[in-house]
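This is the structure, below, for whatever I ask next.
Chains: A, B, C, D and E, in written order; residue numbering restarts at 1 for each.
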Amino acid sequence: MGTFIQQIVNGLTVGGIYALIALGYTMVYGVMRLINFAHGDLCILGAFVGLTMLTGSAGGGHPGAALLLLAFVVSIIAIAVAGVVLERIAYRPLRKADRLAAVVSALGASLMIENGIMLVWGPQVHVFPSNLLPATTWHVAGATISFIQVMIILASLVLMAALYLFVNHTRFGTAIRAAAIDQDAARLMGINVNRVITSVFIIGPGLGAIGGLFIGIYYREAYFTMGWTYGLYAFIAAILGGIGNIPGAMLGGVLLGLFNAFAAGYVSSSWQDAITFGLLIVILLVRPTGLLGERVAEKV
Amino acid sequence: MRGFKLDGLKLGALLWAAGLALPFALDSSWVSIAAFFAIYAITALSEDVILGRAGMFDMGHAVYFGIGAYVTAILNTTLNVPILLTLPLAMLLAAAAGALLSAPLIRLRGDYLLVATIGFNAIFVLAMQNNPGGITGGSDGITGIGVPSLFGLQLESQSAMFWLDWVLLGLVLLVMRNLDACEFGRALRYLKQDELAASTLGVDARKVKTLAFALGAALAGLAGTLFAVQLSTVSPSSFVFTESVTLFAIVIVGGQGSIPGVLLGTALMFVVPQIFRGLAEYRYFVFGIAMIAVMVLRPQGLLPRRRSAA
Amino acid sequence: MLRTSTIGLGVSVALLAASGAAHAAPPIKIGVQAPITGTYADEGQGIARAVKLLAAQQNAKGGLLGRKIEVITCDDQGEAAQAAICARQLVNDHVVAVIGSYTSGAALAAEPIYARADVIQTSDGTSNELLKHGYKTWFGNAAPNSAEAKFTAHYLVDVQHYKKIAVLTDHSSFATGLAEAVVADVKAAHGTIVDKSFINAGSQNFSPVLTKLKALQPDALYFSGYYSDGGLIRAQMTQLGMKATFVGGDANQNVAFAKIAGAAAAGSIIINVPAPADLPYPVAKQFVADYKTKYGALPPSVFTLTNADGMRAVMQAIAATKSVKPAALETYLHGMKSFQGLTGTFAWNAKGERTGSPFVAFEVQPDGSYKILYPTPTAG
Amino acid sequence: MSLLTINDLRVAYGQIEALKGVSLTVAAGEVVAILGANGAGKTTLMRAISGLLPKTGGTIGFEGTDITRTNADRIVRLGIAQSPEGRRVFGTLTVAENLKLGGFTRPAGEIPASVEAIYAMFPRLAERRAQFAGTLSGGEQQMLAIGRALVAKPKLLLLDEPSLGLAPIIIQSIFRSLRSIADTGVTILIVEQNARAALKLADRGYVLEVGRIIHQDNASNLLASGQMQEAYLGRAAS
Amino acid sequence: MTALLELDGIGISFGGLRAVDDLSFTVNQGQIVGLIGPNGAGKTTVFNMITGVYKPASGTIRWQGNDITGAKPARIATLGLRRTFQTIRLFADMSVFENVRAGCHLAARQHWWQGLLALPAQRREEAELAARTHDILRRLDLEGVADTPATSLPYGVQRRVELARTLAGQPRLIILDEPAAGLNDAESAALNDTIFMIRDTGVTILLVEHDMNVVMQVSDHIVVINFGRKIAEGNATAIRTNPAVIEAYLGRDDDEATAA
């Protein structure tokens, strides 16, 4: 029982991170029908920017809550700016082109960001300070839950709820959803679709930066190739939930985290990824557009 | 009287023939790069059958390349089957895998097919690493793969291997050219451009797409055999998902459905980084920027397919 | 210690003798085949830097046999195909010897090419496949898995008397090979393996598999993979309240291990030759200091030093045989009774395996430093 | 003075010229109908006015400002709203959300009152306010599309085929609503295949045939002329 | 007269909306049948059911007396039933020749492997089919643009290319979906001749068209539908004066009588 609950906590923690990153994939896809393969790298870039804030100015002492907050803020801003610049340079010129051209442009961007991180920060594993958060742990029904896990799960939930409220209950959020459904009709409402796209490249990478920093703080390490791995997992989470669908990305992220936990914990650790991918393929065969995806014709 | 007209075909044949002389002009490291170029070009052309011609987003093509390499490695090292005999088997098994894996997926559209093929790639690599039945050598892979022999002649030198690769590339190019001029190849293009219009002309989408996957996989299997021979070793890391991504990018950067485009794409994505080794750690940073630049400036690829004449 | 000085002196004398003769002599070329980009860039760049540092130091002393040493680096990205190309390029550049690569996969793909061209390859890579074909040009820089596994099993079963041992590995060639050998040797020593599990290297999410292992209540968890994952595994064990002792294979020995594991690092056991910063030998201390001066950072791992040892051995062979002929160098290197490396005294057997490396079990201290637990250290 | 002035407007889709020099005016307070068979270029004209299509020639002026190259969202801000062909409601947004989006360019505080006014005009929409727009019937979607455009409080309302695919009884009800909208003084430019319904609503009409205006007259004359029947059902067989 | 295609009570709904309801009509061998109705009446849906794109929810479709309800498009094509599209669906990256050659797909007997190896039999067949294609190009006066990329041509010519592609399949019946859409007057007038020319080669034609000048002039028989139901059937003269048809097109006068 303890083991079971522990696996749920394990799955939820990493699932929350996947979901935060998956949201960036799904929002960009929803509005532009583009798989932004550079998204994972942007998130890890966020972790590096945050790390520089934390270590560059802490001088070895306790960074303190204010500095931690500052690291998040600076990282979010930096990555949002990077996202917007990336859209302008690498994706906007390709909006009317064959969509595979934009996919390859995104792959190039991924390579550029990943190697850019290596050039700036070096190829080694970077370690986050260990005293950022209290080391408190709780024991619940035989499972051990740490402060940081609770924080990640809660913060992910709060952020997802905030995003959900934003897109569902604000005027601009509704405009984003409208632009995702029908760009021309959205224009007829007076919605500036370019601004919607820019906002999506602010929100997605911004949330991704938070996800990247969570990775850094939770696992306490960051290195330049990490973005590709996380990006792939988050992309799969987005597909699982139905790409383009915001609640779908949240569901997909959490489910993927749980799949991984149960595959490794109860089935076979050596076939963990194969089980996850196998399940994904089966789900796609049963529901070809993901769990919450709409059965709409694709804009090819 | 018409004079000698240098059309694309003749130019290609000429270039190919000139390529045969490469071992006399280059040192052996560049001959090996040329050999890898031939192998990757075959693989990229095979990806082009599925992605560029049939328009199916296959991002797991390294699987079929890997199956070919493993079939040759296993048969040659455990059963001592001569390399050239393993070649048709490698193609056949890869083709069967292509047809079987794609059959249930063909109805998936675009991005969902892409993800499913990524999944196959991950599963394949993990399967090779887990050494099922003790035949794949796990993460070490398989070493000590022999050299091909032709009429009792051991094709041991790098030059000999290059010639083998180059001749097979030539044959594959011929097949690709024939594909352009036959009903099956045209059916692929009809389906890619407009599946509904194609179906009203009587094109059986399911059958043609499955066949495209099988053909693409078979040619990748052929390249896999050559790869195993060239390296004399195979291991799972040569067939990971990022290899599939590279193949995908080669086709798009070069130009979908365009033979010269795919060859140029292979050269750019594989040979050019060899030239710029001097850039050391800056190499792939610059390369990423170049990929963006190529796509933004030439979204159709560098040498897009010509709208061909009669 | 005495012997080392003598050799060092011998080298200098030889150099002095030769230096007058040949000003315009062509340089002696040494190749580095290492992953400069890609996942293993950290290690690869460390290897390249170490070799360049040694060459620069030697050149400052006049080079070898009166000739300068020129280092040619080739980035193999840790990939087989690129490694094969690098091997041919280095062969064509007429290098005498090649240092590297880092991964078994890249070493394997290059090995037959060097062997055919008769170029010495002194490389990391512990896969048994590397020894299978009996190439005379192969010299392993890392101690073979077999020796490490034997020591590990001995330590786990005979020294610590752990009753239940869980083994964890990633899918890499090196780590799976080591894990398999440890499992076999523990069984041979009548120890009990309760489970052997896998992690996805770099996935960071190891709690699921650790949760499973925790339920089996092992006394020790042996992990054969790399430090970046090992440090995290250690940290996540503590997070999960897992009581087992963490015992890590040699690839866990990296300055980052303790940093990543944080407070959990203390009490972890790592089995390897001594770490760069803690190497007891003056030459090692000097080298690490020089490295830090030149590059502003410590070597990324002990593998930087094992490869530096490969380079040093090759240089010594050239100096001692006064030759760059492959056959002479190979005979010399295979015949060395013992070589004082930065990472301990070792030799190469007929298969090119590194032998005589003094494996030790360290305990990581609360301040991140290492304390040798076994064998009980003697002064000096 | 006219509200909308279109002069020699040309629009092409690649090779095909869909509008071959269309000129027309709409005065403030007027209801003007554009009639013509399928493929005449009516929808192209509407999309061009709203800024959704690039023009190859000619000008569009609105309240004396040249809006030929103005972005679509700016045009809405200037006071031109459109209920597009095929309704184009946002299927996975609720009825209420669709209506609120109609007022995207207006101060948020004024929207609820406007939305309530639409509910009063179309009580069916009020009943279904929490439903996804995609689940509405065709007639209800059309009401929603018109209502959505009205929430923008446009100076000029563009209606593209409001009767398309609707049953006669629904068409009647839609046109009754349009009548009452017109009576409040909203200027309307309506594209419609159902000529009789449109001309009964309109003050004036233009007949479009393959990208050109072939007739223009006041509504009653057009209805009586018989030219309409010819334009729709063809000339008698020769 | 023998019935080639029979629709018997077919119907289909989309999201609760009855798009086509209990529709029956017959196309006889050698006839030109016009199917007309106001925009949104369900004509294209009828076509899509006949050609297998949609499966009717009710009713049967018979081809020479055999039930073909719900057969897939590729199978329908093998019967000799072909169609054009309202918005032209030519293969954009291909020349006129290649587009028309695509119509011969089912006539090709070659296996894929024969094609890949370019065996003599395959090459012979390619030559035959190329000749057939050129023959059709000549008949539709498209020889001059054979090598031109199809979608770079004027709209009217593209219509003819699509027609040629359809004819290349040697169909028994072709369904023309608004062949006059986007044509200028001269092209529209020439279209009539083309339609008669096709009929004279023994091909039966089912025509959907908005340009009544074309429909009224070429059709032997006209079926009018509105809201998915048949409202009238007969020859051109009868249809032009049918009050239900006029009402369907011009709208209804509910409160006053207007003399037309």
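Going forward, contacts are C-beta pairs under 8 Å (C-beta built on N, C-alpha and C of every residue); 3 or more make two chains touch, one makes a residue touch a chain.
Which protein is which chain? UniProt says A = Amino acid/amide ABC transporter membrane protein 1, HAAT family; B = Amino acid/amide ABC transporter membrane protein 2, HAAT family; D = Amino acid/amide ABC transporter ATP-binding protein 2, HAAT family; E = Amino acid/amide ABC transporter ATP-binding protein 1, HAAT family.
Fair warning: this is a prediction, and the values are worked out from it, not measured in the lab.
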Neighbouring chains common to chain A and chain E, by label: B, D
Shared chain contacts [chain D and chain E, defined touch]: none
Smallest count of steps, each to a touching chain, taking chain A to chain B: 1
Most distant chain from chain A by Cα centroid: E
Interface with the most contact pairs, given as the two chains involved: A-B
Most distant chain from chain B by Cα centroid: D
Chain A-chain C separation of Cα centroids, rounded to whole Å: 37
Euclidean distance of C-alpha centroids - chain B vs chain E, Å: 41
Intercentroid distance (Cα basis), chain D paired with chain C, Å: 76
Touching two or more other chains - residue numbers and ranges from chain C: 37, 41, 45, 171
Contacts with two or more other chains, residues of chain A listed in rising order: 115, 118, 123, 270, 273
Contacts with 2+ other chains: residues of chain B: 126, 281, 283-284
Contact pairs between chains, per stated definition: A-B, A-C, A-D, B-C, B-E, D-E
Chain C-facing residues of chain A, complex: 3, 6-7, 10-11, 13-14, 115, 118, 122-125, 127, 130, 135, 137, 139, 144, 146, 149, 215, 219-221, 223-226, 229, 257, 260-266, 269-270, 272-273
Contact set on chain E toward chain D in their complex: 15-17, 38-40, 151-155, 178, 181-182, 184-185, 210-217, 227, 236-237, 240, 245-246, 249-254, 258-260
Chain A-facing residues of chain B, complex: 57, 104-105, 107-112, 114-116, 118-120, 122-123, 126-127, 130, 241-242, 245, 248-249, 252-253, 256, 281-285, 287-292, 294-296, 299-301
Complex interface listing, chain A residues touching chain D: 171, 174-175, 177-178, 181-182, 184-193, 294
Complex contacts: residues of chain C adjacent to chain A: 37-39, 41-42, 44-45, 171, 197-200, 202-205, 207-209, 211-212, 214-215, 227-228, 231-232, 235, 239-241, 254, 256, 259-260, 262-263, 297, 300
